[in-house]
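Look for chain A in each of the two complexes below; its partner is chain B in the first and chain C in the second.
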Partner chain A sequence: MRKVGVAATGLAEFTKNEISIESLMLSAIKPIFNNTPNLSQDDVEVVLTSTNANNKYLANIISELSGISPKVAHSVESLCNSGTNCIVSAYAYISSGLADTALVIGAEKTNSPGLVLEWDKSRGQYKHPIYWSSMFTSAHMRKFGTTLEDLAHVGAKNHRNALDNPYAYFERSYSVEEIMQSKSLTENVRLLDCSMPCNGSAAILLAAENVIKKFCEQPVWITGIGQKAISAGFTKNDDLTSMKSTIISASDAYKMSRTTADDIDVAELHDAFSICEIIELEDLGLAPKGEGGSLVKKLYETQDRKINPRGGLIGAGHPLGATGVAQTIEVCQQLQGKAEKRQVDGVKVGLVHNMSAAATSSTILILES
Partner chain B sequence: MSKFEQELKNGNFVCSECVKCNKLVWPPSDFCNKCFGNVTWRPISRIAKLVEFSRRNDEYFCIAEFENQIRVMGRVENVSNLQVGQTLALVRCDYDGKEKFVFRTMI
Partner chain C sequence: MRKVGVAATGLAEFTKNEISIESLMLSAIKPIFNNTPNLSQDDVEVVLTSTNANNKYLANIISELSGISPKVAHSVESLCNSGTNCIVSAYAYISSGLADTALVIGAEKTNSPGLVLEWDKSRGQYKHPIYWSSMFTSAHMRKFGTTLEDLAHVGAKNHRNALDNPYAYFERSYSVEEIMQSKSLTENVRLLDCSMPCNGSAAILLAAENVIKKFCEQPVWITGIGQKAISAGFTKNDDLTSMKSTIISASDAYKMSRTTADDIDVAELHDAFSICEIIELEDLGLAPKGEGGSLVKKLYETQDRKINPRGGLIGAGHPLGATGVAQTIEVCQQLQGKAEKRQVDGVKVGLVHNMSAAATSSTILILES
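This part shows the complex of A and B:
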């Protein structure tokens, strides 16, 4: 397999402004062409769009609107981890030799049809994601003594980090107290424990090792990939204090990249709800089991940005199809030393964790400079 | 409306069972997810085990497990001192665009 790297990235601001899905995507593609030397439309061999929007033939439409005539164009949909699924598909096209370059564009609108998985009969009348989040939270609290204050530290940390992310939806921070006093949605999920659906777009140009230097002097390499779908139905999660798909996909990604959790200098985690970040820290091996909450509190108190430096989904907003792509861009910027105020010192290895539908599936990417 | 939804609307909780390998297929499907055999529909026990629960305002909701394998989310009535692992009875089910399961604790 050929090495595959990130050659260029583009982001559009996460907002709730009315804009078409096509214009959202073009807003993220534009900076790639504006800022990448030697890149022309003729260089792009694959165009993949990541979204839950019901638009038909979208990758071809975006190709036409961008002046690109690719060999391959199609959409990838996998609810909340559509973005990293799309990157993995693009990686496969390039590593296999079917193409030298691939443009991945993720975008979503606030009213995305991907917010609720109506198919899941096992959720009964409790189809909204706050209910599965509440189940995970109850289980983790019971087994490990995790508290509402522990959960609030996730939001406080990530909202504070998001202040230095110019593309984030939220433009203010929230204290632990404010989060704890925000509206209760269930007995253990408050409004500010939740990520916010919004409009957003993010784009990445991937390229093979033999052509990448044409576009980029400092490429970031994708060295590890892990993906696992254990089911589609939420209630197939046997252990609600853990995310089985995350454990399996992390193991595969670490193995492929010959890294371990100890090597990870920065990570973007899928904090759809506060409890998710705590469980993910544990399942990725970044914290001992049951101590994810303690690590978050320590990160908050020491202003350490190692986890979710762009503000996570809670601080930056969650445009489903764009989220995994935006997470990957953040880790690339960290590896290139271009994260400005968000920069973590000495980053050599970064991790992206993106998951869907109550962790019934997860994707892990390991990136290295 | 599917067979499963129609039965639920009639107050019957049924599940697909493979006629070839006898596997209970959940969530319900017209084909077995082990051998792709055809399925028949059989009633599920009305007795379940409480797996996890939480509360929204005064309404308790939970995950309940039937026959050691089928898990659904539903509402719990007559709540007093809920405990994970305790036995629940399915007292009502319905379908009105969403599947509805209502439990009571068994003393």
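This part shows the complex of A and C:
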């Protein structure tokens, strides 16, 4: 397999301002061309769009609006992990030799049709994601003694981190107390335990090792990939205190990259809800099982930015199709030492965790400089 | 690159009966498992769904309903050539080594949101595809003297071929005279010059050369791939008597497979409208430029099934996301000598041509036994 790396990245601000999906995507593509002197439209061989929007032929429309005539153009959808599905698909085109470069653009609007799980009739009244997050929360509290205060530390940490992310949706931080006192949505999920749907876009240019130096002096390599789709309905997860698809994906990604959890210097985790980050820390091997809550508290108290340095989905906002791409961009910037105020020291190996619908499917990427 | 082949195929009947997109997809997956004794659900590592339907998380839902827990599951959309985009994406996963097997399922319902080009504001009143087909028809008639009678021979041939396709939408044939006398939609496009939107589904299992023999004694290999996305709006095509994306894709696919037009024994062409088949014959090098109409007439008169043996989109129906997959299945069956009454003699090399929206994008596959 040819090595595949990230050659350039672009972000658009996460907001609630009314804007079309096309304009969102173009806003994220623009910095890629602006900041990559040797890149011309003719260099782009694959254009993949990642979104839950119902627009058709979007990859072709975005290509035309950007002056690109690629070989391959299509849209990819897999709810909240559309973004990393798109990145892995782009990786496959390049790694297989079908293309040398691929542009992935993820975008979503606030009113995304992917937000509520209308499609899953087996969920009955539990179509809104807060219900599964509440069930995961109950199970973890019962089995491991995780507290509402532990949960609030996820939000407090991620909101604080988001203050140094110029593209984040939230422009203020929230204390542990404010989060605990925010509106109760279920008996254990409060409003500030939830990620915020918003408009947003993120774009990434991947390239094969033999051409990447033309575009980028300091490429970041995708060295590990793990993906698993257990099911659509969340009742197939054996145990509501862990995420089976995440465990399997992590195992595959660590194996492919010949790394272990101990090697991870920085990680973007899919904190759709507070409980997710706690369970993911454990399932990725970044905390012993049952101790995700304690780790989050420690990270908060020591102001350690290792986990979700850009503020996670809770602090930065969650534009579904863009999220996995934005997570990957953050890890790239950390590996390149370009994360400014968010920079974690000595980052050599980074991890992206992106998942959909109660972790019924997960993608893990390992990135290295 | 590892060789990638077709290990199994499945079709559901093309109809107007009310049926859900999920049921359509399952109907095409069922024969794959029924007819492949050594295939279990655990063997399937990638599940890609191809459709213009607005359903979300469909690849995961179909996986769960089929008892499959793949690594990768997502949906692919690129209007009418979603199906071959999906096949090439699956090819890339396997060829790159990320997976050994991939199941592609294309399906569409009659009321597909991909049918009318609402997304392309540049088209003004010309959103319905009959308008671009009418402009292509006018240009070809003017430049090459193609006649309405030539056009009617496309439909007459393809409707006659469809009679031997047990999955076809149409159950009767139409004479050249009937087609010429069918309802006029524009000055040169009649109702029976058009493909018919319908419900339909088609599924294909791809596998790497090192595992394919477990599933299939007589695999068909994908030896050539060409794809090109010129634009979204059709006004970027230089000349309305040819299809630029088809010419470029064909050149790449012939080159990759080291074949030429002379090697093609059977071809599935994207006859969204009669004029398309005529132009495509020329652009693929199967007829000299300007002589597509004469070739169609000759094929009709000699009852030669070489072009669109299953009846094309005009005779078999056009369920958008399924079309490219169904075309590929036909070429596989021809290569395996399993096309029953539709069988063309001595087929060694076959071609699939699938395109979207006035050939603003095209995919060409070359298949060999």
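Note that in this section the second predicted complex is superposed on the first by the 369 of 369 C-alpha atoms of A that agree within 3 Å, B and C clash if a C-alpha of one lies under 4 Å from a C-alpha of the other, contacts with A are read in each partner's own complex, and residues count from 1 in each chain.
FYI, contacts are C-beta pairs under 8 Å (C-beta built on N, C-alpha and C of every residue); 3 or more make two chains touch, one makes a residue touch a chain.
None of these values were measured; they are calculated from a predicted model.
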{"item": "Touching partner for A:240 - first (chain B), second (chain C), both, neither", "value": "first"}
{"item": "Chain B versus chain C, judged by how many residues of chain A each one touches", "value": "C"}
{"item": "Touching partner for A:88 - first (chain B), second (chain C), both, neither", "value": "second"}
{"item": "First, second, both or neither for A:356, with chain B first and chain C second", "value": "second"}
{"item": "Touched partner set for A:59, first chain B, second chain C, both or neither", "value": "second"}
{"item": "Partner chain in contact with A:135 - chain B first, chain C second, else both or neither", "value": "first"}
{"item": "Touched partner set for A:127, first chain B, second chain C, both or neither", "value": "first"}
{"item": "Common interface residues of chain A - those touching chain B in one complex and chain C in the other", "value": "119-120, 233, 236"}
{"item": "In the complex with chain B, residue positions of chain A that touch it", "value": "119-127, 131, 134-135, 137-139, 142, 185-188, 233-236, 240"}
{"item": "Residue numbers on chain C that touch chain A, as the complex places them", "value": "1, 47, 52, 54-61, 63-64, 69-79, 82, 85, 88-89, 91-93, 95-98, 113-114, 117-120, 225-233, 236, 252, 356-357, 360-361"}
{"item": "Chain B - residues contacting chain A, complex", "value": "4, 26-28, 51-56, 61, 63, 71-75, 84, 98-101"}
